[in-house]
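Have a look at this one before I ask anything.
Residue numbering begins at 1 within each chain, and the chains themselves are lettered A, B, C, D, E and F in the order written.
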Amino acid sequence: MSSKSILVIVRHPPHGSSWVREGLEAALVGAALGQPPTILFSGDGVLALLANQQRGALGQKGSAAMLEGLSLYDVEPLWYDHLSLEARGLDVSQLMPGCQQACIADMIARHDVVMSF
Amino acid sequence: MSSKSILVIVRHPPHGSSWVREGLEAALVGAALGQPPTILFSGDGVLALLANQQRGALGQKGSAAMLEGLSLYDVEPLWYDHLSLEARGLDVSQLMPGCQQACIADMIARHDVVMSF
Amino acid sequence: MSTLHLINRSPFSTNVLHELADAVSEGDHILLIEDGVYAAFGAPCWTLPEGISLWALQEDCASRGVTPSSVTWGTMDMAGFVALTASTHRTVSWF
Amino acid sequence: MSTLHLINRSPFSTNVLHELADAVSEGDHILLIEDGVYAAFGAPCWTLPEGISLWALQEDCASRGVTPSSVTWGTMDMAGFVALTASTHRTVSWF
Amino acid sequence: MAPQGLTYALMVQGAPYSQQASHSALRFAEALPAQGHRVAAVFFYHDGVYNAASMMSPPQDEPHLLERWRALHQVQQCELLVCVASAIRRGLLDESEAKRHGHSHPTLEAPFELTGLGQLMHAALHYDRLITFAP
Amino acid sequence: MAPQGLTYALMVQGAPYSQQASHSALRFAEALPAQGHRVAAVFFYHDGVYNAASMMSPPQDEPHLLERWRALHQVQQCELLVCVASAIRRGLLDESEAKRHGHSHPTLEAPFELTGLGQLMHAALHYDRLITFAP
C-alpha cells in the first residue's frame, strides 16, 4: 500500500487562484510523511515557475517562496511539461532554478495516483 | 437615472455552474421593478438556449424553465450572438422558441450598464 | 495500467482538450462529464493519438440537450463511470 | 460612449480573447488584470479591430513576474484603472 | 479629463481566499477616494457571498478580507449587500434568518446585510458606474 | 472484468450550489455499492470545504447537499474530512476551533471533521482509487 507513488499535477496559474499553493501544500505534507510525491507543472501551471515573482497586492502570498522550500523536503526537481512551456513562448532560462523538463504522458503512466490542482 | 438601460450578458454554459440561473434571476427582478433589461447569450451562454434540456441528476434545476418564463415579464426576445452560435456548430433551429440573433459589439454599445454572468 | 481522464469543462471556452491530447497514452479512456459533454456535440478540431476510447456521461448529456454523435463518442451511465474507474489504474481530473 | 473591457483569465487556458475580439468597438479600452496579464507576455495569435487601447495592470504583472512587451501593451497602476472606469461609459468584465 | 465625484457600485462574485476577485475589488474600491469618487454599494453574489462569513479566521500573515470590507464600509460609508437567496442556501444567515431556520446564532453580521436582487438592479440604475469582480 | 470490492477516496474541490462538482461526487459515490465498492473517505479541499457548512438551508425544491453527504456517511460509513487550514480561513469552525477563536457556536459539525492534509495523502496511499471532483 504505502509503496504507491503519487503525482501532483499543477495546471493553474499562480496568484489568480489558490490552486498552486494548495497543490504544493499537499506535496509538502506527503514529503513530511516520508512519501515525497513527484510534482509536475503543466498547462498554465508552468507559469508558477517564472522567476522574479512577488507578493500580490494586499500582501497576498504567491507560491514562489513555497517552491524554493520544496527541495528541503526532498520534493525535487520541479518538473515542467516542455510542450506547455513552449506553447507560452517561454524557455527554461526564464524559470526559477531547479526546474527540469518532462513529458506529461510519461509522468502519468509512471505513477499510481494522480492529484490535480 | 432610472432611464438607464441594462444589458445582462450570459457567457457561461448552463448546469455546470449557477451563473445562467443567477443572471436570469437578476433580469427577472429588473423586469419586476419595471426596468426589463436586455438579455444576450454569448460564448458558451448560447448553450443555455438549446432545446430539449432537462433537470440534472439529484434534481438539480437547469435554466430552461426560467427562460420560458421570461417573456411573461417582458424580457424578450432571447438575443444570441450569432458568431458564438456558429462557432459551436449550431443553428437557430436547435434552439428554443423566441431566440433572435444579435451582434455583441452593437449590443454593448447601445446600453448604459452591462452585467456579466 | 491505463488511465481514465475526466473532462468537466466546455471545449469551446477552454483549451483543456488540447492539453489533454499530449497527456494520453494508448489504451486510455476519456470520459466527458458536466460541461465537458459539449465536446461530444462537435468539439473544435483536435487530434488524439490512436487507441483512445471516448465516452460521454449520459445524464449530463441529457440535462444539457446534447446528443453525442455516436460515431466518435459512446455514452455511459453512472454505473459505467464507476466500472471505468475500477478497470483503469488511475483517474486524472482535468479542470 | 466607449467601453472598458476587463479580462482576468489566462489567454492560454481560455478562449476569452477570441470572444472579446468580436465584442469591442473603436475607441474601447482593454485592461488585463489578475491572470489576464499573462496575455501581455505573448498571447496566442488573436486580432483586434483598429483603434483599441491595450493596458495591463502593473501590480498584477509585478506579482506574476510578467514584463509586458511595451510595443503592444501599456501598463497602468490602480489609479489609472480607476480613471479608465471614470472616463469610459461602461465596464464589461470577461471571466 | 475623467469626470470627478462619481458613485460606484461593485458586484463581487468570487469567493474569498480561493480567487483573487475579492482582493481586486478591495484594491479598486480603496483607490476611489484619491480621485474624488466613492463606492456607494458592494453587492455580493454567486460565491462572492462567502466574503461575509463572520467567523472567517485567516492566518495572521494573510489579509483578513472581512476586516477589509468592514474598514471600507467605515471609510466610504458603502452598503455591503449580500444576495439573500445565494447566502441562505450556502449557510450564511443573519440573526432573523438564523432564528427562522432554527439556529441560535447568525453566521453573517452587520455591516453586511442580506438583501434581494432588487438592490443590485437599483444600484446598477442609480449609481454612476457598475464594476464586476468575478473568479 | 473490473475488480470488485474496491475502496475509494474522493477529493471534492467545488463549492456547493455554484458548481456541479458536489452533485457529481455524490452521484458517483452513491453508485459505488451496486458494484461492490464503497467510498471510504471524502476529502474536502479548496472551495469544496463549503460543503460542510452546517447552516446550509437550500430551498425545498433543490437538493440539500449537506443532508446528502450525511446520508452517504451513514450508508457507507465514509469519513467526511475537511481541510482544516482551508476551512478556518473561510469561517468553517468546529466546536473546539470556534472556542479557540472566541466564537460561541460551531459552523461545522459531525460527521464532518476538520483534519490536516496528512489525511488526504493517507487516503491517496491507502485506498484503492482517488477520484477528484473540481469546479
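We take it that a residue touches a chain if its C-beta (ideal position, glycine included) is under 8 Å from a C-beta of that chain, and two chains touch if they have at least 3 such contacts.
All values derive from a computational prediction rather than experimental measurement.
Engineer: Over half of the contact pairs shared by residue number: find the pair among A-D, B-D or B-C that meets that against A-C.
Structural biologist: Interface equivalent to A-C: B-D.
Engineer: Which chain has its C-alpha centroid at the greatest distance from the C-alpha centroid of chain A?
Structural biologist: Farthest chain from chain A, going by C-alpha centroids: B.
Engineer: Please identify which chain has its centre, taken as the mean of its CA atoms, farthest from the centre of chain E.
Structural biologist: Ranked by distance of C-alpha centres from chain E, the top chain is C.
Engineer: Report the inter-chain centroid distance for chain C and chain F in whole angstrom, where each centroid is the mean of the CA atoms.
Structural biologist: So the centre of chain C lies 25 Å away from the centre of chain F.
Engineer: Please compute the C-alpha centroid of chain B, do the same for chain C, then give the distance between them in whole Å.
Structural biologist: The separation of the two C-alpha centroids amounts to 27 Å.
Engineer: In angstrom, rounded to a whole number, how far apart do the mean CA points of chain C and chain E lie?
Structural biologist: Computed from C-alpha means, the inter-chain centre distance equals 38 Å.
Engineer: For chain E, give me the residues that contact two or more of the other chains.
Structural biologist: Residues 17-18, 20, 27, 46, 62, 85-86, 130, 132, 134-135.
Engineer: Got the chain D residues that touch at least 2 other chains?
Structural biologist: Residues 8, 12-13, 19, 34-35, 59, 78, 90-91, 93, 95 of chain D each touch two or more of the other chains.
Engineer: At least two partner chains per residue is the criterion; list those residues in chain A.
Structural biologist: 11, 15-18, 43, 56-57, 60, 113-114, 116
Engineer: Pairs of chains that touch, anyone?
Structural biologist: Per the contact definition above, the touching pairs are A-C, A-D, A-E, A-F, B-C, B-D, B-E, B-F, C-D, C-F, D-E, E-F.
Engineer: Write out the stretch or stretches of chain A touching chain D in their complex.
Structural biologist: Touch residues, chain A against chain D: 11-17, 43-44, 47, 50-57, 60, 62, 87-89.
Engineer: How about chain C: which of its residues touch chain D in the complex?
Structural biologist: 12-16, 19
Engineer: Which bits of chain C are touching chain A when the two form their complex?
Structural biologist: Touch residues, chain C against chain A: 1, 3, 19, 22-25, 89-95.
Engineer: Using the touch rule from the top, collect the residues of chain E that touch chain D in their complex.
Structural biologist: Against chain D, chain E makes touches at 1-3, 6, 8, 13, 20-21, 24, 27-28, 31-32, 34-35, 37, 129-135.
Engineer: Across the complex, what residues on chain C touch chain B?
Structural biologist: Its residues touching chain B are 8-10, 12-13, 34-35, 38, 41-42, 59-60, 62-66, 78.
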